[in-house]
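Below: a set of structures, written as structure tokens.
Each of the next two complexes has subunit A plus one more chain, namely subunit B in the first and subunit C in the second.
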Partner chain A sequence: MSGGSLDREPTVIARTVTRLVVPVILVTAVALLLQGHNLPGGGFIAGVLTTTAFALIYIIYGLDYLETELLHRRPTVPFGTGTGIVREYGNVFAAGLAVAGGGGLAAVALGFPFLTQGVAFFEGVPVYHEFEIASAVVFDLGVYAVVVGALLTILAVVGAE
Partner chain B sequence: MSTATAFTDTHVVIAPMLVALVTAILTLVTRRSGRTQRALSLLGGVAYLVAVARLGLAVLPDGVLVYQLSGWPAPFGITLVADALAAFMLGLAAVVSLAILVFSLSYVDDQGQRVSYHPLYHFMLTGVSGAFLTGDVFNLFVWFEVMLMPSYVFVVFYSGRRHTAAALQYTVLNLVGSALMLVAIGGLYATTGTLNMADIARRLAAPAEFGIDSGPVLGLAAVLFVVFALKAGIVPFQFWVPPAYRAAPAPVSAFLAGVTKKVGVYAIVRLYFTVFAAGTLEAGLGLPGLSGRSFLAFFGPVLFVMALASMVVGGVGAVSRDDLDDVFAYSSIGQVGFIVLPLAVVATVADPAIRVLGLVAALVYSLNHAVAKSLLFLVSGAVFEAVGTLKIPQLGGLTSRRPVLSGSFFVGALALVGIPPLSGFFGKLLVFDTGARAHAAGASLAWLALAGALVGAVFTIAYLSRAWSRAFWGEVSPAVDRAGRPVVLVAVVAALAALVVAIGVGFDPVYGAAEAAAEAALDREGYVEAVDPARFEPTDESSAHALGRLPGVAP
Partner chain C sequence: MSPVASELPAFLDAAVLGGLLLASAVTLLAGYRVINGPTVPDRVVGLDTIGTNVVAIAALFAIQTGRGLFVTVSLVLAIIGFISTIAVARFVREGDIIE
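Moving on, here comes the complex of A and B:
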């Protein structure tokens, strides 16, 4: 996986650019996620964008980097399920589904049809002046987690083969 | 707006779908603890049955129940419509899927159950429920996809060479089908200007008023028809059926044959007999001698040919196979012919009584096939568990070693053949009755229906008696001699066999439900009126004013 012979090691340029670019990608993804309910963007595209950031880390730093540097544990080969970081990805996927479904059910609990969304505007907020909170963000967040979890699982499992 | 209060008591409409969805999510979250997951899965199956029963009871007096998903009214939002037809199909799915679920708890190995079986099973059920409930063609596409994705995984579940090959074929074919479906739905939107089924029906009934050219709509409906025929496994779109059913685990084959196929049948009934029947054929497109100028006069002859071809292809295939699963898979192709045949008669006659009778025949036969065929696939699963093979030459003498299992097979086989008092007797009787009455009323193709049904029935007797006499009767083979005792599996199979008998003996309420479903399928006015897609249509020139009448998004 990572390491190998010296000539296959990514260049310093690639490593440095990755360090700079990944945060930018992630912030853009979050922005797309938050504006998605009434502007271009949304949970799906934000999830895909986040996955590209992780894909970049995988390609430049190797498959084990996330586990050794972020989770501080011995890397495991992500084969099958319940092993390696794939386990966490699976959890993200399941949690996303639960959030999206739960958001829809909350409307039912309040007496509205499944998936009904609402929006609230707060006037006179400092700096923002007018601030908007839309319940659709919850659903988008669920979609985001599902997409990130599913794509990263595929990436990790297929990448390990 | 009074809509909010009307919504709350119709949550019962969406309940089956939500129960399946929530169960799928819960079994996914609890996948690390096998026992909890299985308990939740079983609980979800029972809750699904309860939710469907409640929906059935609510539909019974009220007729058509409408649910506007997320509060957007038809035709702008996604509308769920529960009428007697949807409730009948949901009931069929609920009963069969619960039996299959209990069977899988003991049949599928621990690892398989923990990893993915239960979430996928309930996602598949979610897709099926959504497809039965939706009143929007694009949403129908979405539910088809939700239903298909788990089935791709299930076909490759054992991941051997044969399974992978079958799954590849199955996946590619269904992806092509989905692409076709999407193209056809896009075209329908472009030509009719709406995706809401009730709205399509309303606009097709008055094409001049909405500026619709019915020629392209007919063509797109025909493209869509291909997709549904593919899902239902009707000849000439049957070739994926045998490899996929053989590759999938036995309970999943039971689900695919018993429930998923019926979604294709339901889509044909709902879209072509309720919605597209509103369209008027251009002169010269219908065959001479067939009554009616509606789109159905175009699809009637097509349905005839496909039904007869299915019976022959399925029959010949099943007679010549040496693997129990293969026999049942080909038999499924033939039996779908019996469901489509009365539909073909309905499409070509004008007499309303015969039309209702024909749809009742198709629905009762669907129910019979769902229960009996899933019973047979579960029998083959139990035989495999006990004996370790499904090759008919290596079986033999099962009656003396496993009498309950063999008896259940016998009941299921007799139900497919149509022996009274089993469920299949009434199915066959109604199919023949439809043909005979249409013939008496002077329908030109009805004799073909009678002859075809006769040929199909002879084939059914031939292949089932062949399987019975060679796999269950005769000398005890060495493999059967060493057979194990899968108690739970046999118990489930026996319970389904009892259900087959019960449906036949207590047929009256089943007939009542099927008749209500058939009337609902043909009652286009009632369907359109309940959904009421014209509510926000500008009554005069002030369309801006009409837009102002749209209800707010939410609270």
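Moving on, here comes the complex of A and C:
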């Protein structure tokens, strides 16, 4: 699209609301990720919510903002594949796949069937009194990273066209 | 505090039921505008109204049944509706969502 750059600048209201809303969305996503074993939630919906937060940043601040502000480097031309921030998104995807698969293989190493999950309760933890650690959180973290990496790759590549 | 929604007062129960019926009726009317809207902004505003009404229905249903998970449903729906409204507004105005 052609046109003056002043026309296309989002308003101060949009920028300020984005700065306020994005942390709220990210906290909601983390809450959904951590309650996923007992309540509705889990890795997938937490990843989707995180991606919507980044989509809001992309819409309001433009395609180059994340690369310059988070990685502190000049944005490369994001056409094609393998250039720009898309490579980091691919790394997130691969790391998530490795974590999820490794969590399943750890059960095999301990002599259980693939992807066997367990839960442990700890009494007398200072703040929580009773603390619960489920091994499914490892698999959920892997799914979360896979979803975030894949959806952000799609968003960056399609948004650049 | 007593546990929520084990037994609601009769007035609150009636009010929640009325709110559910009202929100459902408004959703149907907005659906008419989405299908029959002459212009694109009409349809967009109709869809946004439907999204907001579904958030309200989920919250009212959480009050009526006492199941907290529907509060989470309404929260996530509200977030996604907000972002979709911004994206569509930007598309209508600029012709391009992400620049």
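The rule we apply is simple: the second predicted complex is superposed on the first by the 157 of 161 C-alpha atoms of A that agree within 3 Å, B and C clash if a C-alpha of one lies under 4 Å from a C-alpha of the other, contacts with A are read in each partner's own complex, and residues count from 1 in each chain.
The rule is simple: a residue touches a chain if its C-beta (ideal position, glycine included) is under 8 Å from a C-beta of that chain, and two chains touch if they have at least 3 such contacts.
Please read all numbers here as calculations on a predicted model, not as lab measurements.
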item	value
Subunit A as common anchor, with subunit B and subunit C clashing or fitting	fit
Partner chain(s) touched by A:G111 [first = subunit B, second = subunit C, both, neither]	first
Which superposed partner A:I85 touches (first subunit B, second subunit C, both, neither)	neither
Touched partner set for A:A150, first subunit B, second subunit C, both or neither	neither
Which of subunit B and subunit C A:V119 touches, first, second, both or neither	first
Which of subunit B and subunit C A:A98 touches, first, second, both or neither	first
Subunit B versus subunit C as contact partner of A:L66, first or second or both or neither	neither
Minimum distance between Cα atoms of subunit B and subunit C in the superposition (Å)	24
Common interface positions of subunit A, toward subunit B and toward subunit C	none
Subunit A contact footprint on subunit C (complex, rising order)	69, 72-73, 75-76, 79-80, 82-83, 86-87, 90, 94-99
List of subunit A residues in touch with subunit B within their complex	80-82, 90, 93-95, 97-98, 101, 105, 107-108, 110-119, 135
Residue ranges of subunit A in contact with subunit C within the complex	1, 8, 10, 14, 21, 25, 28, 32, 39-41, 45, 49, 52, 55-56, 58-60, 62-63, 155, 159-160
For the subunit B and subunit A complex, residues of the former touching the latter	4, 7-8, 11, 14, 18, 21-22, 24-25, 28-29, 31-32, 67-71, 115, 553-555
